[in-house]
Amino acid sequence: MFDYTFQWKQALARLPKMLDGAVITMEVAIISMLLGILFAILLTMFRQTKSRPLNAIATTWIEIARNTPALFQIYMAHFGVASFGIHFSPFTSLLIGITFNNAGYLAENFRGALKAIPDTQARAGQSLGMSPVQSFRYIVLPQMLRISFLPMTNQMVWAILMTSLGVTVGMNSDLYGVTQDLNALTFRTFELFAIAGVIFYIITKVITLSARLIAARLFRY
Amino acid sequence: MIEIQNVRKSFGQLEVLKGIDLNVEKGEVVTVIGGSGSGKSTLLTCINGLEPIVSGKILVDGTEVHAKSTDLNKLRQKIGIVFQQFNAFPHLTVMENVTLAPRKVLGMGKAEAEAIAEKHLNHVGLGDKLGTYPTRLSGGQQQRMAIARALAMSPDYMLFDEVTSALDPQLVGEVLETLKMLAEEGMTMILVTHEMSFARDVSDRVAFFHKGIMAEIGTPAELFENPQHPETQSFLASVR
Amino acid sequence: MFDTALSANDLVFLAKGAGITIVVTAISVVIGTILGIIFGVIRVQLGAVLSAPLTLFLDIFRSVPLLIQLVLANAFVGMVLQLQLSGFFVACMVLSLYTSAYCAEIVRGGIDAVPTVTRRAARSLGMSWGQDMRYIVMPLATRVALPSWIGLALGVMKDSALVYVVQVTELLKSTQILITRLQEPLFLLLICGAFYFIISFPLARFGGYLEKRWSND
Amino acid sequence: DKLDDIISSGKLRCAVVLDFPPMGMRDENNEPIGFDVDYCNDLAAALGVEAEIVETPFPERIPALMSNRVDVGVASTSDTLERAKTVGFSIPYFAFEMVVTAAEGTDITSFESMKGHTVGAVAGTYEAIALEEYVNEWGDGSEFRPYQTQADVFLALAQGQLDATVSTSTVAQANVKSGNFGGIEVVASAPFDIDYVGLFAKRDEYGFLNYLDLFVNQQIRTGRYDELYEKWVGGDVPSLTVPGAYR
Amino acid sequence: MIEIQNVRKSFGQLEVLKGIDLNVEKGEVVTVIGGSGSGKSTLLTCINGLEPIVSGKILVDGTEVHAKSTDLNKLRQKIGIVFQQFNAFPHLTVMENVTLAPRKVLGMGKAEAEAIAEKHLNHVGLGDKLGTYPTRLSGGQQQRMAIARALAMSPDYMLFDEVTSALDPQLVGEVLETLKMLAEEGMTMILVTHEMSFARDVSDRVAFFHKGIMAEIGTPAELFENPQHPETQSFLASVR
């Protein structure tokens, strides 16, 4: 049954290249996460406003992000929008796809968090002479981020995992892309992807653990 | 001086204030009493412009609160308000709660803001809680912190909305003490309260609200000893 | 709006892809849920320490990209074990375990949400562990877990778009095949996206509705 | 052995790439057609079994064999020495020339003039690996993008996301001719060696590999190779032998 | 008869019961009083085997509760227990709450189980709530339902753990009434309660627990009028 010869050495020799890929993967995940949070906050504010167009934009974005596959969103960001003559590099397409997805999911989380913050908080801020923006910025937002910290950590893990979809838009510098290229050269499929899997696993664990540490330091109340 | 002139206010179909007239002079303490839903809280939130009104006028030191041209943020700095529900900012320490607005709104430096905050916190008896998070405070302490937070903006007027009614009975005293102290220092205040003996004690005038109407207003002696309006009589009978 | 070369045949082809998406999802969700309930109950029963190996095993499915799980399982089954299993089978196998890993968490959360004292009351009436589970814990846990479970099932449907790597032609892959021939990427992608959306959106809303309703009482 | 297994199972499973016209593609009913599809059918007929076409994207061809999903690859696979470490190749059954296809309006007229442009090819193919090396050498503004399928490459080219691609002449011509992609044309040949492609099977299945060699030889002898070439490609039939060497 | 012999019980390091001896005869009503954390609840949960014990023995009608060979599910049918915290099964109606165990555990038919349930529910004054879901019941009604639920298994013993302490004051009476009724009907009961006058009223004997030890036991008259143990004295002084 086990007449397959594992050739770990050959595969492990490629580890430095894969680690370079892991760096790109982290880069995409982190940038898409930061942008995602930013857009999610915007979307959340859009949904709070009474403006119909803003509401519609936010709802459309959020529902599409949450109800279609991430792969679809990324493919769309590259080949779909190119039908309008808008071209993004593979890196940018992947970044846009994941950011779009992150923002949609996070906005939904933020909405839940917002509901958990009594509106007397914002009122209290305004009563002290703060503008609505100030009271959102200094009072509501920090509390909202605290409540959604765990979902944000989960989304970060998702973002990391989603980078593996970049190959469909021609990305080959991220961890999955590098692994696939190496596989095309050597065909040590099992070994190479097992190593990639381990790297992904370690990355996600490091992220969840450090998130816990950060949370413990950040949220002392 | 706060001038309230024929103010009407509705929530949707529901008319909550049906033409209120009331002037509060500098240094005066006016207490508002009345049944639940009679519009007391609503009046306070209209005074500092948190709620729009349907008709009438509210003037604070001559500035019309609901005029388009009024800079509400600026106006609110003059008017401190403390609500029934505790609304300490849970993510900030007591000190940060109090210094936030002076720093961000008035642009005060950190040291200056903290000096002021400490003064007010000492004043309300929280001088030893500066670094504590509000979740660690009792309800009474939270309300006193809210008072200090409002005072740190050096307001000319203070509005208090049943600041003791969410408190356990043994904590009510410490907050009322603080209010009394403020009154004695000459702060202009409008107080909504259910504590009748306290109202009698500190008020210059007491107003009785009933279903959106100010049914009666007078000195504590007049209103408590000799209420004119039948609703006032039955209300006072029910709370005694 | 679109002048398209899409024929009835192609629509049938797309529908077949959609069928595969639904079948793969249905199989994986059913098996994954059964496994997830078993794993979840084991985790609650054994406690954090004893069930650590299981927790760790399940954690892998949530920490490694599904694409890699599929490629690895495919390579392992075929190259190492030398088994002749269809891509469809491998896809369902991986997706089932993937589902079970998330489902176990949901089940655990649901069971934990049943107050101890309620369970004690049941046992005090002479009910066995099984009876307690069946008549008290599961009905109560379901209320807590169902909204998240609906979310999970929809998530699996969307993630099933990745099974193309093990040569299963599901909806998105069918779409790509048609794009190859017809060269109308935007139009075809919109059809494909609309399909996912039409299934996912109402169910997601329903889940949200249940969540709201059940958290109120 | 494998040969017996196939005969006794009555089924031959071929890995074929179906977005690689005219070697593999789909008709209006989305059924597989093309040179490789016919070739697989011929092979099955010779073995006296039924053919089953298993669609595999380029990067998945060899993994599909290794994971026992197919018996043989009829997938226009270049017989590189690196790959021969993993799988066994038959003698060449087809030969490709590599050409440069560029989007109109770019100044690309030769292989070298791709320098400084964004170019792409199908991930994991012979030409992709070679092209990427050139791009790395060229540097300054040259960018290489590997896509998962041949269709994605031409789509990207037609959309203007790529300036040029290197592919086999057959697929390039087929795509240009199809009219599906506006504004692209074959501009030059690529300075790559002639790309001989072989059938492939498990490398230790000597019996089967031997059969494949003979089958390829017979296809040429019987004129079937010419016939298929005429049907799917047309023009001069490329020679499948290397001057000065056996095999 | 319930025989508790030198029972010791720990939670981790914490020794909660330090050698308890107590026999409860058929028909007897024994009340357990004592400070918070003295181990009263723990004792009850040990009696019906919900918690394991460290050493000692508990016999119910001669069956050793913690013996390996004991069929706990069977044993528990004899022992009804009602807890301090409300624990209605929220997904079942009142009727279903009460009939569930008789049907599933005793294998009773639906009609029979419902007849019995109705009898007990009438008995505790919930005859008009059969189809209601527990979330619609007041706390007092929930506790009475829990009593009916336990009674429906026709237990020989009933254990009550401070069944009134999570209740609003005005609801306590109705539940105590029910308990009193049961006591008068001759049910063997162990009652943990903080209602001293009630304890005095219904108990045959009263036991005082202090830090895991049964410090004193006697008739209500003895224990309440003439407590021997200093801790009993100070406890009684504190609750009066």
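Chains: A, B, C, D and E, in written order; residue numbering restarts at 1 for each.
Assume contacts are C-beta pairs under 8 Å (C-beta built on N, C-alpha and C of every residue); 3 or more make two chains touch, one makes a residue touch a chain.
Per UniProt, the chains are A = Amino acid ABC transporter membrane protein 1, PAAT family; B, E = Amino acid ABC transporter ATP-binding protein, PAAT family; C = Amino acid ABC transporter membrane protein 2, PAAT family.
None of the values given here were measured: they were computed from a predicted structure.
Colleague: Chains touching chain C and chain E alike, please list them.
Modeller: Shared contacts of chain C and chain E: no chain.
Colleague: Kindly list which chains stay connected to each other once chain C is removed from the assembly in thought.
Modeller: Contact components excluding chain C, positions unchanged: A, B, D | E.
Colleague: Using C-alpha centroids, which chain lies at the maximum separation from chain B?
Modeller: D
Colleague: Which pairing of chains gives the most C-beta pairs in contact?
Modeller: A-C
Colleague: Rounded to the nearest 5 degrees, what is the angle of the rotation that puts chain B onto chain E, matching CA atoms?
Modeller: 175
Colleague: Which whole number of Å gives the spacing of the CA centres of chain A and chain C?
Modeller: Their C-alpha centroids are separated by 20 Å.
Colleague: Using Cα averages as centroids, what's the distance between chain B and chain C in whole Å?
Modeller: 54
Colleague: Based only on mean CA positions, could you tell me how far chain C sits from chain D in angstrom?
Modeller: Chain C and chain D have C-alpha centres separated by 37 Å.
Colleague: Can you list the residues of chain A that touch 2 or more other chains?
Modeller: Correct list: 79, 82-83, 189.
Colleague: Could you tell me which residues belong to chain C and also touch two or more other chains?
Modeller: 71, 75, 79, 82, 179, 185
Colleague: Would you mind listing the residues of chain E that make contact with two or more other chains?
Modeller: Residue numbers touching two or more other chains: none in chain E.
Colleague: Determine which chains touch and list them pairwise.
Modeller: A-B, A-C, A-D, C-D, C-E
Colleague: In their complex, what parts of chain C are in touch with chain D?
Modeller: That would be residues 7, 9-10, 13, 71, 74-75, 77-79, 82-84, 86-87, 164-165, 167, 169, 176-183, 185 of chain C.
Colleague: Given the complex with chain E, which residues does chain C contribute to the contact?
Modeller: Touch list, chain C to chain E: 115, 117-118, 120-128, 131, 135-136, 139-140, 143, 217.
Colleague: In the complex, go through chain E and note every residue touching chain C.
Modeller: On the chain E side, the touching residues are 45, 48, 50, 73-74, 76-77, 79-81, 83, 85, 87, 89-91, 100-101, 104-106, 135, 146, 149-150, 153.
Colleague: Which chain A residues qualify as touching chain D in the complex?
Modeller: Within the complex, chain A touches chain D at residues 78-79, 82-83, 85, 87, 89-90, 167-170, 172, 177, 180-181, 183-187, 189.
Colleague: Name, in rising order, each residue of chain C that touches chain A in their complex.
Modeller: 60, 62-69, 71-72, 75-76, 79-82, 154, 158-159, 161-162, 172, 179, 185-186, 189-190, 192-193, 196-197, 200-201, 204
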